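The same chain A turns up in both complexes below, where it pairs with chain B and then with chain C.
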Partner chain A sequence: MRNVETILAQFKEIAANPRQAVADYRSETGKGAIGIMPIYAPEELVHATGYLPVGLWGGNQSINQARTYLPPFACSVMQQVMELECQGAFNDLAAVVFSVPCDTLKCMSQKWKGTSPVLVFTHPQNRGLESANRFLVEEYTRLQSRLEEITGVKISNAALENSIRVYNENRAALREFVRLAADYPQFVGAVSRHAVFKARQFMEKSRHTALVRELIGALTAQPLQPWSGKRVVVSGILLEPDGLLELFDELKLAIVDDDLAQESRQLRVDVQEGNEAPLYRLARVWQRMYGCSVATDTKKLRGKMLIEMAQKTGADAVIAAMMKFCDPEEWDYPIYFDELEKKGVRNLMIEVDQGATSFEQARTRLQSLAELL
Partner chain B sequence: MYALGVDVGSASSKAVILDRNRKIVAAEVVQAGTGTTGPRRVMEQIFSKTGLHREDIVKLVATGYGRMRFEGADRQFSEISCHARGVHYLVPEARTILDIGGQDAKAIRLGNGGEVKQFFMNDKCAAGTGRFLEVMARVLETDLERMAALDTAADSPVSISSTCTVFAESEVISQLSHGASRENIIAGVHNSVAAKACGLVGRCGVEGTVVMTGGVAQNAGVVRAVSRELNREILVAPNPQTAGALGAALYAWDDARRERGDETG
Partner chain C sequence: MISTTGKSAKELLAYYQAKLDEEAREAKAQGKLVCWSASVAPPELCVAMDIAMVYPETHAAGIGARKGALDMLEVADRHGYSVDCCSYGRVNIGYMELLKEEALTGQTPEALAKSPAARIPLPDLIITCNNICNTLLKWYENLAVELNIPCIVIDVPFNHTMPVPEYAKEYIADEFRHAISQLEVICGRPFDYNKFREVRHQTQRSIAQWNRIAAMSRYKPSPLNGFDLFNYMALVVCARSRDYAEITFKKFADELEEKLKKGQFAFKGAEKNRITWEGIAVWPYLGQTFKTLKAQGTIMTGSAYPNMWDLSYDADDESLHSMAEAYTRTYINTCLENKVSTLLNIMENGQCDGVVYHLNRSCKLMSFLNVETAELIQEKNGLPYVSFDGDQTDPRNFAPAQYDTRVQTLSEMMEQSTGTES
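Then we have the complex of A and B:
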């Protein structure tokens, strides 16, 4: 049995080399990859074609060409994606699946600079009506036929049901990992924890599940140890780059749960089993999604969710990882900030810029939090 | 027993020495920050002034932007903790701190015992900080010391609407070319700094006695503008630029006390 460190090293290796992951997949299966833009997409449809769904969540490079096409106040994920597009990094993708839940994504979907076909679909704004489900089924049907056209693969109901099962199993395994990581912060620091999620974007999901299960086995074989640091919940779009995560490890701030769009929000809702058509059940996921800034929530339950998350995990604080220039997240923040304050839940806001190379201000904020807890 | 706190900021270096009774022995400022000779010079300056040597210092705590690169510190604390500690020592009734330094601004809310309840720092850019004032002073052909006096002669402060420091500089040049008086522009600049800084205070929640620290607190024009913006009286901490170093010295004093027990001398 491999040890925790070795397995985590494998996750880190995959997370750091998406191009290699795609090349390996291609050589093993003869099939290519399809890009999945943030934030939510029915990846199961892509998986059912046998192509590898690859998350396009930016990078960490200096921004040059993207400045021609994006204003400086576009979020860093989109700046990074645009830079990579301009460099032709995505041109070997068979297609790019593009949801448009925020204004920047809407604009980005209309100015793709790569050569791959862009498959745009729209989530319904009103998530409380049955007609919204039917609307999304129509969108997914259109997406399915475009995927079939491009890949030359007819997506059967059986294949889609299999992909749904693979994804549900993957989400369940990761949820278990999240709970365990909170118990073993000595083994799973912030950088490692993130790598497990990041690798998910570049791996076929049943393989990812197997690796996560192996990690779970290796972790549970270890004795539980007391943690001398603090425990935090993080919320936001994503928490990158590694330089920022290293501060958490350095300051002994264990991430015991997250509400990150790139991480646990992807695990929040499974596709339900049932007799309805698989596309309908996939569409229902959007209506059952909660606690996300881009999914309209008339009841504003994110604050309540974060408070419960902190209470359940015994977290010392909630950290808002505010994606710089992300207005959906900025709009949510004052609401849940007030709720956290009223409940006496310690909280902190740090700014996240994927391309950042210096983290002095984040260090000051995080160190201050660690000092006052 | 002596304890020393050093605050290595982006634009200046500050040092404070406390004696065994927690009294301030000396406080020094050098207008050069991290990455310059400032940290070394402020240490030389404070030792030269007091006649003390490094070996007389039982504990040394560093804070500020350059705290991790300052050699010889026993510990590092964040500026937030140190400003809170320093201000609580100087003005025990303080419940809200507005610290405006060279390139960052912080609003800190304190509890009754001086503990930090909440804080916010500026993000995205350095507009509304000391650097912003420096740039404006240069284009207005004045210096930071004279800006407060010129501000008092303003009769119709101009509006500086740009958030970006560089665009605000262009706006000031445009105002000058349209004949606006230097006094009215300076008052406008002060109002602009105050509006940005008070946005942080608003996020943090303003409570009780408000105290300003940092180099910018020495500019009475900005203090007046902050007072107007918050619609309440503002206290300026004594020697406001060294409040963070004082807080660091207080942490160092605690450590020294712990290490030496009640030993004095």
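Then we have the complex of A and C:
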């Protein structure tokens, strides 16, 4: 049996080498990869074609060419994606699936600088209505036929049901991992925890599940130990780059749960079993989504959700990882900040810039928080 | 009631703008419902139920134009709103927080007392629509929670493929029906379907007159100063479902036709070049942005921005698909190809010689495609363009000197190209 460290090293290796992951997949299966832009997409449809869905969540480049096409007030993850587009980094992809739940993504979907075909679909925002589900089924139907045209693979119901099962199992395994990571912070630091999620974007999901299960087995074989550091919940779009995560490890701030769009928001809702057609059940996932800045909620239950997360995990604080220039997240912040304050939940906002190379401001803020707790 | 006969369009505009605010205040005083609405959300539903309407974007623009934005922005800042959030939204949130404070304490906060803004009452409900941005979803979520009031959402999904598919119209029409049932609950009485039909017809009459005005810029020289549309826009936003808009716009269009007949033009013979203005106006510097252009003899004869209220539809279509289509086809809610063809049309109709692009710090949706839009348009019509950095209501994000230089450059480029042509 491999130990925790070895398995985590494998996740990190995959997370750091998406190009290799795609090349390996191609040589094994003879099939290519399809890009999945943030934030939400019915990846199961892509998986059912046998192509590898690959998450396009930016990088850590210095921004040069992207400056021509995006003003400085676009969020850093889209600056990074644009830089990579300009470099031709995505040109091997058979297609790119594009959701447009914010104004920046709407624009990005119309200005792809690479050579791959871009398949755009829109999520409805009046999510309580049955007609919204019907609308999304139509969008997914169009997406499915475009995918079939491009890949030459007819997506059968059987294949789609299989992919749905694979993804539900993957989400369940990761949810279990999130709980265990909170129990074993000595083994799974912030950097490692993130690598498990990041690798998910570049791996076929049943393989990722198997590796996560192996990690779970190795973790649970270890005795539980008391944690001398503090416990935090993080919320936002994403928490990168590694330099920022290293501060959490250095300051002994264990991430006991997250509400990151790149991480646990992807696991929040499973595709339900049932007699309805698979596309309908996939559409319902969006209706049942909650606590996310790009999924309209006129009751704004995110603050309540964060308070419950903090209570359930015994977290000492909630950290808002604010993606610079992400206005959906910035609009949510004043509301959940007030709610956290009213409930006496300690909290802190740090700015996230995916391309950052210096973290002194975040260090000072996190350090003061760690000392305060 | 003051007689409107004999009044000029300009007088009517001022009169009805004040009257709308007064009506909202009166409604509030009498315990009637007041609704805050997104600027291109369908007012037909609420107007059919006699709900007084207030438009925060227009209100924020007014505050900006009267140099009162900074005080409101500061309040929003205190409440944790990032400067990255839309300045209309922040001005309105700031204003709302002050109204709320006043309602809770009985004391008028100083910033509210000295604000040059027209006084508006707090809403009992709000209605939003994302045909001009998804920010309007976030902003109205916050209003709903901060004020604990119902929020009607009309979601019009981004049209990545044109024409608008039937299934999108079906979804939007269903949202209208859902909004109707929400309104029945909020108002405690059945929806007035007869009035709804009348209001749709009224809206179409207002829009027809609005389009008559916009069409006047096709004449060369133009009897219409395009910047006037920015002023008259207030009524197409706030009163298109009332006859106030129709009366005012008809008067203005008549006046323009009269001027045309008499050979009276906006720039009195000094019209040298004609431009399209792409983006929202810079309200705190409306005068300056206009004067700089005018000093170069450059008249604005086309803008897709006021044109967004060309909400023509079949008022007799009871399926409401036609109305749904009108509210979702807003050019910034469509793919780049459609956006470009809309702008090309506007440039052609306005016989424009160039474009000024407003890179608006407050509006990602109206900024992040500017480079591609400009390139595609230039490919098609070969006309020059410039871009300037600005903001619709945050005066700190606009540098007059940069604007002046860019506009001068454009005017030189236009003179060169028109000179070459002649």
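Going forward, the second predicted complex is superposed on the first by the 373 of 373 C-alpha atoms of A that agree within 3 Å, B and C clash if a C-alpha of one lies under 4 Å from a C-alpha of the other, contacts with A are read in each partner's own complex, and residues count from 1 in each chain.
Convention: a residue touches a chain if its C-beta (ideal position, glycine included) is under 8 Å from a C-beta of that chain, and two chains touch if they have at least 3 such contacts.
Just so you know, these numbers come straight off a predicted model, no measurement behind them.
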First (chain B), second (chain C), both or neither touched by A:D327: second
A:W227 touches, of chain B and chain C: first, second, both or neither? neither
Partner chain(s) touched by A:E371 [first = chain B, second = chain C, both, neither]: first
Chain B versus chain C, judged by how many residues of chain A each one touches: C
Chain B versus chain C as contact partner of A:Y290, first or second or both or neither: neither
Which superposed partner A:E341 touches (first chain B, second chain C, both, neither): first
Contacts of A:Y280 with chain B and chain C, given as first, second, both or neither: neither
Common interface positions of chain A, toward chain B and toward chain C: 324
Residue numbers on chain A that touch chain C, as the complex places them: 68-71, 73-74, 100-104, 106-111, 120-126, 129, 131-132, 134-135, 138-139, 142, 293-294, 296-300, 322, 324-328, 330-335, 337-338
Touching residues on chain B, where the partner in the complex is chain A: 65, 68, 76-81, 104, 115-116, 118-121, 123-124, 205
Partner chain A, residues of chain C touching it in the complex: 79-82, 84-86, 89, 130, 133-135, 137-142, 144-146, 151, 153-155, 157-161, 165, 167-168, 170-171, 174-175, 178, 335-336, 359, 361, 364-365, 367-369, 371-372
Of chain A, residues touching chain B in the complex: 324, 341, 347, 349, 351, 360-361, 363-365, 367-368, 371-372
